[in-house]
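Below: the structure, in structure tokens.
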Amino acid sequence: MRQFIAFEPCIDMTRLADNTGIRRFIAGLPALGARVAVLAAIWWVLTGGGASAWVWGVPAVMVAASLRPGLGSGGVWRLSLMGLLRFLPVFVWYNLRGAMEVAVLAMHPRRRPDPVLIGYPLRLPPGPARVFMANLINLVPGTLSTRLTVRGIEIHVLTASASVTRILTILERRVADLFALQLAPSAGLGSQR
Amino acid sequence: MRAPPSPTASDPGNGDGLMHPVEITFDALLLFSMVVLAWQGVHARNMFRAVVSFIMFGLLTAVAWVRLEAPDIALAEASLGAGLTGALLLATLGRLAPERRGARRPKVVKLSTLPWLTMGLAGTTVLLAVTLTLPAPGLGEAVLAAMPAAGVDSPVTAVLLNFRAWDTLLEIGVMLLAVIALWSLGQDVLASKPRLPAPALPALVRLLFPLFVLSTFYLLWRGGHGPGGAFPAGALLAAGLVLALLAGAQVPERMRGAPLRWALGAGLFAFLVVAVGLMWAVGTFFAYPPQHASILIAIIEIAAGLSIGVMLTALFLGGEPTDIKGGGK
Amino acid sequence: MSMLAGIVLIVLGLLFFLSGTVGLLRFPDVFTRLHALSKADTLALGLVCAGLALHEDDGALQLKLLLIWLLVIVSGATCASLIARAALAHGIRPWQR
Amino acid sequence: MTVFYLAGALFLLANVVVALARVLRGPTAADRMLSGELMGTTAVAVLLLLYGATGIEALLDVALVFAILAAMAVVTFVRRTWPEDPAADDEGESR
């Protein structure tokens, strides 16, 4: 499996790739294409386009698409467009709410945080989606991921309340949509520690 | 975009160019916080506090260069100050013995420093007075007059890689000497710490790395007609490489020998080839014919950007890459 | 109209920056302070970027502002976890009421 | 309009100066690092506002460089200055 950033509808090309090199190369093509397309778009954003920009841009995109930092594969990023549309509003809303809650807590003369560490068993399959979720947790109301373990995430909660697990469950479902993944059957609610 | 460039500290109050009170307050506050941070950076007794102060000082220095309408230097300061300088200091701190790491330094300010302080202040005042009497434009007009033959649209790049390219050549040579000196001292220190980081870190670096490469190219391209060029681009490339090393990447086995040395020397090599080649083709040492200046500068710029990036990374590594610990994945 | 909306967004962003700083100073331990930074500051920068984008009419520049925000948000979210993990590993226990 | 942007930048700068107290007070190295991170984010915002005031597009590039390097200091910090060391788990050395 190769690591790449891909925005493609869910045609699972990797399933076609068994062992043969050519097949794997062909299977990697749409991924490489997607990578090149995304990087070319970013190049356009950086430079604003124009002929002289693309003289540099074509080699730049090629080099950027082919160089890897040598950190192995993080797994496939296969994003679904519909999932993105479902994910974005939820993310924006939660990010706003998270910032508001922190702001109120910081500004309020008497209210103090009441933090607690909880474990949240992840239902997402291992891979980039889990890391994405762990990072996302830092941006939504009252949660901060501290450790990603095999079983789940250890989370520092700013103010202990029942709404945290509900938010996390909703968020996890939206992340699964975004990555076009199926969640594992429910592993029960987050256990207090 | 909208408003014309606002008057700044570079032309203090000549006629209509008076600064708005908000600007004056901003500059004063900026200056104040820079002095505080510089003081902390030098005199803080907790080493870590000193390093963080220095990093923050670097960030504010970039803002100060922006206020002085020198975006070129701001860009260089941003790419070095926010990237490699801080990383070098933080890594050095980690190499100190644990008891010294967060430890208190002996108190430096004594009463005997007072004469030195007075002398310093007096010297600064004299320098300031002398600076104010200097003719204001400097060499700016001479540079602008020569721009049509420069081969690039950015005056700063023209000076660095055309009019005074000789200086830049020597600078790159000095950097290379520093790397050679460092390699002769010992082997790299990163290889001894193969512990794997949290999965979030490699994920971040895998995501950012292509962007580092892309923006390196962007700054090289930008250098042709605006703030940018080989130095900030090289610094950015180095930051990307260092980030990859910090996330657990190893210098690949097949890159350790000749390819690494070629990358380190590419800048100097390109410079010398162009300089000597021109002597053979045109008859003068290192004087670009105007019609080819643009492409020659581009070649040198790419080679120099690559070299600077790899040299800075080598300086961060702190020695020649070893192949003792398990190789690249 | 978009001028006014931009100003409102920027002012909101500045207020969130302020609340992030207040949180950094008032919250009792490193974990709670991380909450303040990772949420308030990233949103604050997003609001400033959005406000400036509204005042801008060049599409590439608007997207550049978005790119800057995305870079900061990705770095910020990852760094928050990294610091929290390091602090726990160094035996810093979360503050409790 | 220019004055509005400049006033915003001034506000942010004052904000950061106040946050410097966290560098001085600590108590742990992580706390000091946090104010460094705050400074990075704020510097990006200040540069964007200065861009708004002056219209010099190069300032966006400076902000972009800051943004792409935002993780640099923290990553070096957790990997080199303060690496996780199981042996030192319960003493938290460089507080």
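Chains: A, B, C and D, in written order; residue numbering restarts at 1 for each.
One rule holds for everything that comes next: contacts are C-beta pairs under 8 Å (C-beta built on N, C-alpha and C of every residue); 3 or more make two chains touch, one makes a residue touch a chain.
Fair warning: this is a prediction, and the values are worked out from it, not measured in the lab.
Each of A-B and C-D has its own count of C-beta contacts, and the greater count is at C-D. Centrality by C-alpha centroid: the chain sitting nearest the overall protein C-alpha mean is D. Centre-to-centre separation of chain A and chain D, using mean CA positions: 24 Å.
Centroid to centroid, with C-alpha atoms defining each point, chain A and chain B lie 33 Å apart.
Computed from the mean C-alpha positions, the centre of chain C lies at a distance of 11 Å from the centre of chain D.
Work out the mean CA point of chain B and of chain D, and you get 19 Å between them. Counting partner chains per residue, chain B shows two or more touched chains at residues 1-2, 198, 200-201, 203-204, 207-208, 211, 215, 218, 243, 247.
Shown for chain A are the residues in touch with two or more other chains, namely 42, 46-47, 134-135, 147-148.
Shared interface positions of chain C, i.e. residues touching 2 or more other chains, are given as 20, 34, 42, 44, 55, 61, 64, 67, 71, 74-76, 78, 81-82, 85.
Chains touching one another, given as pairs, are A-B, A-C, B-C, B-D, C-D.
Only residues 55-56, 71, 74-75, 78, 81-82, 85 of chain C touch chain B when the two sit together in their complex. Within the complex, the chain C residues that touch chain D are 7, 10-11, 13-14, 17-18, 20-21, 24-25, 30, 33-34, 37, 41-42, 44-45, 48-49, 52, 55, 61, 64-65, 67-69, 71-72, 75-76, 78-79, 82-83, 85-87, 89-92.
On the chain A side of its complex with chain B, the touching residues are 3, 5, 35, 39, 42-43, 46-47, 52-53, 56-57, 59-61, 63-65, 67-72, 74, 128, 130-131, 134-135, 147-148. Contacts from chain C toward chain A in the complex involve residues 15-16, 19-20, 22-23, 26-29, 31-32, 34-36, 38-40, 42-44, 46, 58, 60-61, 63-64, 67, 73-74, 76-78, 80-81, 84-85, 88, 94-97. Those residues of chain B whose C-beta lies close enough to touch chain A in the complex are 198-200, 202-203, 205-207, 209-211, 213-215, 217-218, 220-221, 224, 240, 243-244, 247-250, 252, 328-329.
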